[in-house]
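Below are two complexes that have chain A in common, paired first with chain B and then with chain C.
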Partner chain A sequence: MILAVAQEVSYVSNSVGNDAASEQLRQPRPDKVQSQQAVGRRRKPADKRKTLEILFFISPALILIAVFMLLPIIQAIRFSVYNWKGFGPLVDFVGLKNYARVLQNEVFTDAMIHNLIIIGGSIALQLPIGLGIALLLNRKMKIQSLLRTIIFVPYVLSEVIAGVIWFQLLQPQYGVVDTIMSKLGIQGPAQGWLGTPELALWTVLAVLTWKYLGLAVILFLAGLQGVPSELYEAAEIDGASWWQIQRKITIPLLGPTLRTWGFLSMIGSLQLFDMVWILTGGGPANSTTTMASFLVSEGTKRQNFGVAAAASVVLFIVALILAISYQQFVLKRDSQPDEDRTKSKKVKV
Partner chain B sequence: MVSKSRTAKFFALAATGSLLFSGCASGSENPEASGDKTTTITWWHNSNNGEGKAYYEKVAKDFEAAHKGVDIEVHAMQHEDMLTKLDAAFQSGDTPDVYMERGGGELAAHVAAGLTKDLSDSASDELKFLGDTAGGWQIDGKTYALPYSLGAAGFWYNKALFKKAGVEKAPETWQDLLDASDKLKKAGITPISVGAGDKWPAAHYWYYAAVRECAEQTLSDAVSNLDFSDQCFVKAGDDVKQLIDAEPFNPGFLSTPAQSGPTSASGLLATGKVAMELAGHWEPGVMQGLTEDGKGLGEDTGWFSFPAIEGGQGDPKAQLGGGDAWAVAQDAPDEAVEFAKYMVSEKVQRGFAELDMGLPTNPEAKDAVADPALASMLDVRDKAPYFQLYFDTAFGASVGGAMNDQIALLFAGKSDAQKIVDASQDAADLEK
Partner chain C sequence: MSAILGTGPQHTPIQALRAKKRARNQGGNVLVYAIALAVVALTLGPVLYGVLGGFRTNAQLAQNPAGLPAPWVLDNYLGVLKNPDFWRYAMNSTMIAVTTTLIVVVLGIMAAYPLARYQFRWREPIFMVFVLGLLFPATVAIVPLFILITRDLHMGNTWWGVALPQAAFALPMTVVILRPFLMALPQELEEAAQLDGASRIGFFWRILLPLSGPGMVTVGVLAFVGSWNAYLLPLLLLQGDMRTLPLGVADYSSEHSADTAGVFAFTALAMIPALIFFLAMQKRIVNGLQGAVKG
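Moving on, here comes the complex of A and B:
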C-alpha cells in the first residue's frame, strides 16, 4: 500500500513534468535540449497559466492522495516516536526508542528473515513451475482454455477463503491432508503441518505457491503472445528442436515479463499478511511471523501503537530500498531506449 | 493503518473547501439546540442474537418508559467487532455513553486517558451489594464500572470419558491431574485440549498455577506495582512445564484455536474427542454452538476447580476469572449513569440470569440462574476467598501480550519458566 503511494506520487509529478515538457516541445525551438533545460528557469506568462490550469485539474487527485496516503504515512512516522496506547493524547515522547525496540526484538528480526525466505522461495518455486506450465499451455491443445482456468482459479479466490480452506485441510489428525496420508500409511507430523515450528513456514510457502502460481502463469502466457511467430518459424527452418526454441528464443524474449512479475512477487511477499494471519497467526512459536503480522499484533493485540508505527516505518523503508534497487538493477534494462535494448539482448539462434 | 480519521477529515475539508468531502463531516454534531429536551444515550453491548438481544431491547424500552425524555440508542454487536469498534471509538475520543469494560490494566489505561467516569459516589448503593465483585474495576479506591457478569475459569470435563478411563473422582491436586491424564491416555483418550494457537487458553494454565503458587498479597502487589520478582512466578512456569512434559494435550495443540469450529479446543471437548479443557464460564454456551444438536456435552458436562498445587502459597479455593461491567463515558449525561445502575438492578439481573446470559453479580438474582453447571460455578465463585482477574486483563494488553507469547513458546518447547517472568518484567518496565 505504502509503495503504491510512492508510485502514485511519482506518477503524478511525472505527468506534471511531462505535460510542461511537451508544451515546450510544441513551441518552435531550434534546440530541443536547450529548451528542456529552460523549463525550470524561466517561464512565459502563458506557461504559468497553463501550469495553474493543470494544477487546478489535478488538485482533487492530489488532495485525495495527500489525505488518504501521504497523511497516514506522516501520522505513522509521528506515532512512531511516541509511547502511545491508541487513545488519549500523544504526550509520551520517546524519540527513537520504539525503533530500538523493534530492531532489537528477535521476533521482528526473525520476521524479516521469514519475509526474505518467502521472497526467495516464491520466486524459486513459482518461476520454474509457472514457466513450465506456461510453456506447456502455450502449445495448441483441446482443453487449453479449461486448463488455463483451472490454474487461474486459486488466484481469483479470495485470500481469506483460500486461507480458511487450507487451514481446515491441514488440520492435524482430522484434516483431509492427514487423513489421506494416513490411508496411504504415512504418518503426518504429530503437531500438524501448521503446528510444527520447523514446518509451518514451508507449509505457508506451499499454500502461497498454490495461490499465486496462477498469476505467474497468466502473466507468462501474455508475455508469450508477444513473441513474434517469425522467430519460431525461422528457428524451425534452421532445424532447432522444441527445447532449443524455448531456451534460446522464448525465455530470453520473455525477460521483461519475468522481471515485472518478479517485482510484483517481491512486493507481495514483503507485505504478506492475510494468509499468514489466517493459517497460523504468526505462530507456532513465532515461526511464521512476517513484518506485517508483527506490526498488526503489536498494534491491535498489545496496544503498543508506537512500536507498531515504528515497525511499519521500517517495513516501508525496507520495501522502498528493495523496490528502488530492483528498479535500478533489474528493471532498468526494460525501460532503456530501444536501440540499447536490442544491443543488450541479441537473439542468437 | 494507524491514522486519526477525524484529523484526516478535517484536513480534507479545510484543503478542498469544496463539495467533494462535505458529506463526511456532517452528522458529528448533536442537534441539541432544537428545544425539546430529549437526551440520547448510546449503548453498545455484545448480545447480538436470539433471546439476549431481544431481552436487552426490552430493558432499554423499560428504562425509556420510566425516564421521560430519554432515548436509548442500542447497538448490538458481535463481541470481537465490538472490541474493535470500541478501540476505534477510544482513539477518536467519541465513546458510546454506556459500554463494556473488562477491568484491570485495560480500564486503567482508559481512566488515565480520562475517558471513563468515576461511579464511586453516583452508584454507591449498587457498590454496596456488588461488594468484592467490583474489585477488578477499582483503581486507587475509585470504582469505574459496575460488573454484571463474573465467572471463574476451571476444568470442564466429559463425565462419560472419565468413567470409561476409570477416573473415579475429579482431580483435586496437581498430581491427581497428572494421574488422571495418564489413565485417560492408557484408555486411548486424549486427556486435554488447549487452544494454544490463540495463546490465551495456554496462558490460563500459567495464570492459574501462579494463583496457586503465589500468596494473595504477592498477586495484588504484582498487579499494582508490576513486579514479578517473587520466586512463585518461576515456580508456576515449572508446574506448567511438568504438565506439558506429560504430553496430555491434543495433537496439533500449538495451532488449535480456542473456540472456532469443531477442531477447536472447545469443539474437541464438545464432540467427545478429548476428556477435558481449562476454560471460563462461557464454555457450555460455546460447546452448544459447536454441536449439531445444540446441546454440547449435555448431561456429561462436568466441572472441577483448578487443582491445588502442593507447597503453593495461594489459597486452593482462590479463583481466576474475569467478567464484564458497564462503564459510562466521561462526557456522558447523568441519565447514562442511571441506566448503568438500572442494568445491575435485581429486575434486570434476574432476567439476565434466567436466560443464562452470564453469571449475575446482584446477590438477589443468583437463584434465578437456570443452567445447573453455571449455578454450581456461581457457588464456587462466591465461596472463593479471593478472586484474581485474568492476568492479561489485569496487567493490560502490553504486559499481558508479552506474557502470553512467552507462555505459548513454553508450550512449543521454546521457552522456560524464567523467560516467562523476564519477558513479563521487561514489558512491565516499559509501562512504568
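Moving on, here comes the complex of A and C:
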C-alpha cells in the first residue's frame, strides 16, 4: 500500500515536473531536446573523470537496489523450484511442483479472487465517492483547506493503527458500530462483521475505503485545480447547468488523473496485507486471505519456503499482467490526445 | 449567450454571470456544508472515538459504547506513558525511519543527478532500472529478504536490517520523482557555474543541492511516513525490545484484548507522532502530489 502511494506521487509529480520543465525551457520535450543540445555544446570532456563521477554518484543506489531488491527476487525464483523448509542446502529440486501446489490450492485461488474483489471494489467505491467529494469541495470555501486536511487524516495513519481502531469499533454486540445500529433498530451479525465469513471481506473493503478515500479526494482536487476557470465561465455563459459542466468539462479533463489513480489503487490492492492481517488474520475460514497474507503465512508459520516463493512469483506475474494490460487498455489513451489537453490546461491567462 | 448580451447596458455579461454565480453558490452552500460535515464526521469519528475511548474506563465502554467520557479518566494514558515498552518502540520507529530517510534522500539525489544532467550511453537504461523497480513491491521478495537479512547478513532484529531494505525499495520512487525535478533546473545555471570555474561536482554541491531542497524534503517526507507506518518487514525481522510502534500497537491490542480502553490509549498515543509530523509537513506532501517544482 505504501509503495502504491509512492508510485502515485511519482507519476503525478513526474508529469508535472516535465510540464514545469517545458514551461521553463519553452520546449516540448525537455529531456530529449536538452540532451541533444548539451551533447552538441559540450567540448571534449575528460572522459575518464566523467565516468568516475557518474559511478560515484549512481553506484551506491544501484548497489543497495541490487542487494536488497534484485537478489531477493532472484532468490524467490530459485526457491520456487525447490522443496525447501529453510534448513540445509537447496537439493530437493521439484521443478514446477510448487507452482502446481499453489495454483491447485483453493486457499490461494480464493486469495486471488479476494484480491480481485478488493481491486474492483476499491475503484467502484472510491471513484464515485471521491469524485463527488472533490467536485463539491472544488469551490471557494473558507474551510476548504481544513476539510482537505481532515479528509487526509486516515490516509496518514498506518494501516495497523487504523486496523486496531476499527477492530475495536467492529466488536460484535458491544462494539460502537453494533451499538449505534441497534439503536437504529438494525441487528448486527451475531458473529460480528469480521467474524462472519460472508461479510468479512466486505467489511475489510469498507475499512480500506475509509482509509484511502482521502488520497483519492486530494489527488482529484489537485487535478481539478488544473482545469482553467475560463472554461467554466464560458460554459456558464452558454447556459450550462452545474451538472452539465461537471460531466462535459471537469470529468473529461480529469481523465488522466483518474486513470493514474486507478492504476495505483490497483497495484496497492494487489499487495494488500497489513489491514487484513490486523483485522482478520485472513480468517474466518480463509474468507479474507490475500495473496500476500497467503505467502507470509506459508513462509513464516509453516516454513514452506518453496511454496511461499512460488506464490510470490505468481503474485508478481499477476501484478505484471494487470499493470501491462491497464497500461495497454486504459493509460494508452493518455499518451497522445491527452498530451494536447495537458498543454491546454497549462495555458495561463 | 445572446440572451445575456441583451440584458441592459449596465449589466455586462461577466457581471451578470458573477451575480448569478453568487446567488447559486449561496443556494448550494447549505447542501455542500451538510455533505462536508457528514464526510468529516465519518472520517474523524473513528479516530476521535479511539482518542476519547482512552479517557474512559472499560466499565464505561461496556455500559455505553457510544457515550462520552464521564468522568474523564487519565489512568489509561498515564499507564501507557509510564510503560517503558512504549518509549522503546517509539525510539526504534524513530531511529529506523530517520535512517531510512537519510539513506533514501542522500542516495536518491546522488543517483538522480547524473541521470538528469550528465550525457552518457547508459543513462536511459539505468533510469529504466529504477522505473522497473517501482513494479516490485517488498511483499514479493519478503521471504528471501527475510532469509538474506537474518542468515546471510546477520542483521535480523537490528535497525539497519530494516532500514536498508526499506531504503532500497523506496529508492526507485525517489529517483523517479527527483530526476524531472533536477532536469527542470535551467541549463543556464550549469553553464554559468562552468564559466565561473566550478566542476560538475562543485555545481552539484553549491548550486544543485541548495536548489533541490523542496524536492528532497518531499521525497524525505514520503520515505519517513512509509517507514514509520511499515508493518510487514518489521513484523518478520524484529522481535522483543526491537519492535517498532506498529508492531507494538498490534501486539498490545492482541495481548490486552480485554482492556479496550488501554488499547485505545496506546493506539492514540502511537498515532500522535505521525499526525503531528503530517500536519507540519502537510504542505510538502500535497505539494509533492501536485508537483514539487511549484513549491
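Methods note: the second predicted complex is superposed on the first by the 278 of 349 C-alpha atoms of A that agree within 3 Å, B and C clash if a C-alpha of one lies under 4 Å from a C-alpha of the other, contacts with A are read in each partner's own complex, and residues count from 1 in each chain.
Heads up, the rule we're going with is that a residue touches a chain if its C-beta (ideal position, glycine included) is under 8 Å from a C-beta of that chain, and two chains touch if they have at least 3 such contacts.
Bear in mind that the values here come from a model prediction, so they are computed numbers and not experimental data.
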| item | value |
| --- | --- |
| Which superposed partner A:Q191 touches (first chain B, second chain C, both, neither) | first |
| Partner chain in contact with A:G283 - chain B first, chain C second, else both or neither | first |
| Which of chain B and chain C A:A323 touches, first, second, both or neither | second |
| In the superposition, chain B vs chain C on chain A residues touched | C |
| Contacts of A:K48 with chain B and chain C, given as first, second, both or neither | neither |
| Which of chain B and chain C A:F57 touches, first, second, both or neither | second |
| Touching partner for A:R247 - first (chain B), second (chain C), both, neither | neither |
| Partner chain(s) touched by A:I180 [first = chain B, second = chain C, both, neither] | second |
| First (chain B), second (chain C), both or neither touched by A:K332 | neither |
| Doubly contacted residues of chain A, that is, touched by chain B and again by chain C | 60, 67-68, 71-72, 75-76, 79, 86, 168, 171, 174-175, 295-296, 299-300, 305, 308-309, 312 |
| For the chain C and chain A complex, residues of the former touching the latter | 1, 3-4, 13-14, 17, 20-21, 24-25, 28, 32, 35-36, 39-40, 42-44, 46-47, 49-50, 53, 61-62, 64-66, 103, 107-108, 110-111, 113-115, 118-120, 126, 129-130, 133-148, 164-165, 167-173, 175-177, 180-181, 183-184, 186-187, 200-201, 204, 218, 222, 225-226, 228-232, 235-236, 246-247, 249-250, 253, 260, 263-264, 267, 270-271, 274-275, 278-279, 282, 286, 288-294 |
| In the complex, chain B residues that touch chain A | 1-4, 7-8, 11-12, 15-16, 18, 20, 84, 87, 90-91, 93, 109-110, 112-115, 196-199, 251-256, 261, 263, 396-398, 400-402, 405, 408-409, 412, 414, 430 |
| Contact footprint of chain C on chain A as seen in their complex | 2-3, 5-10, 12-21, 24-25, 30-31, 34-35, 37-39, 42, 50-51, 53-54, 56-58, 60-62, 64-65, 67-69, 71-73, 75-76, 79, 86, 133, 136-137, 139-141, 143, 147-154, 156-169, 171, 174-176, 179-180, 183, 210, 213-214, 218-219, 222, 225, 233, 236-239, 242, 267, 270-271, 273-274, 277-278, 292, 295-296, 299-300, 305, 308-309, 312-313, 315-316, 319-320, 323 |
| List of chain A residues in touch with chain B within their complex | 60, 63, 66-68, 71-72, 75-76, 79, 83, 85-89, 101, 107, 168, 171-175, 190-192, 194-197, 200, 280-281, 283-286, 295-297, 299-305, 308-309, 312 |
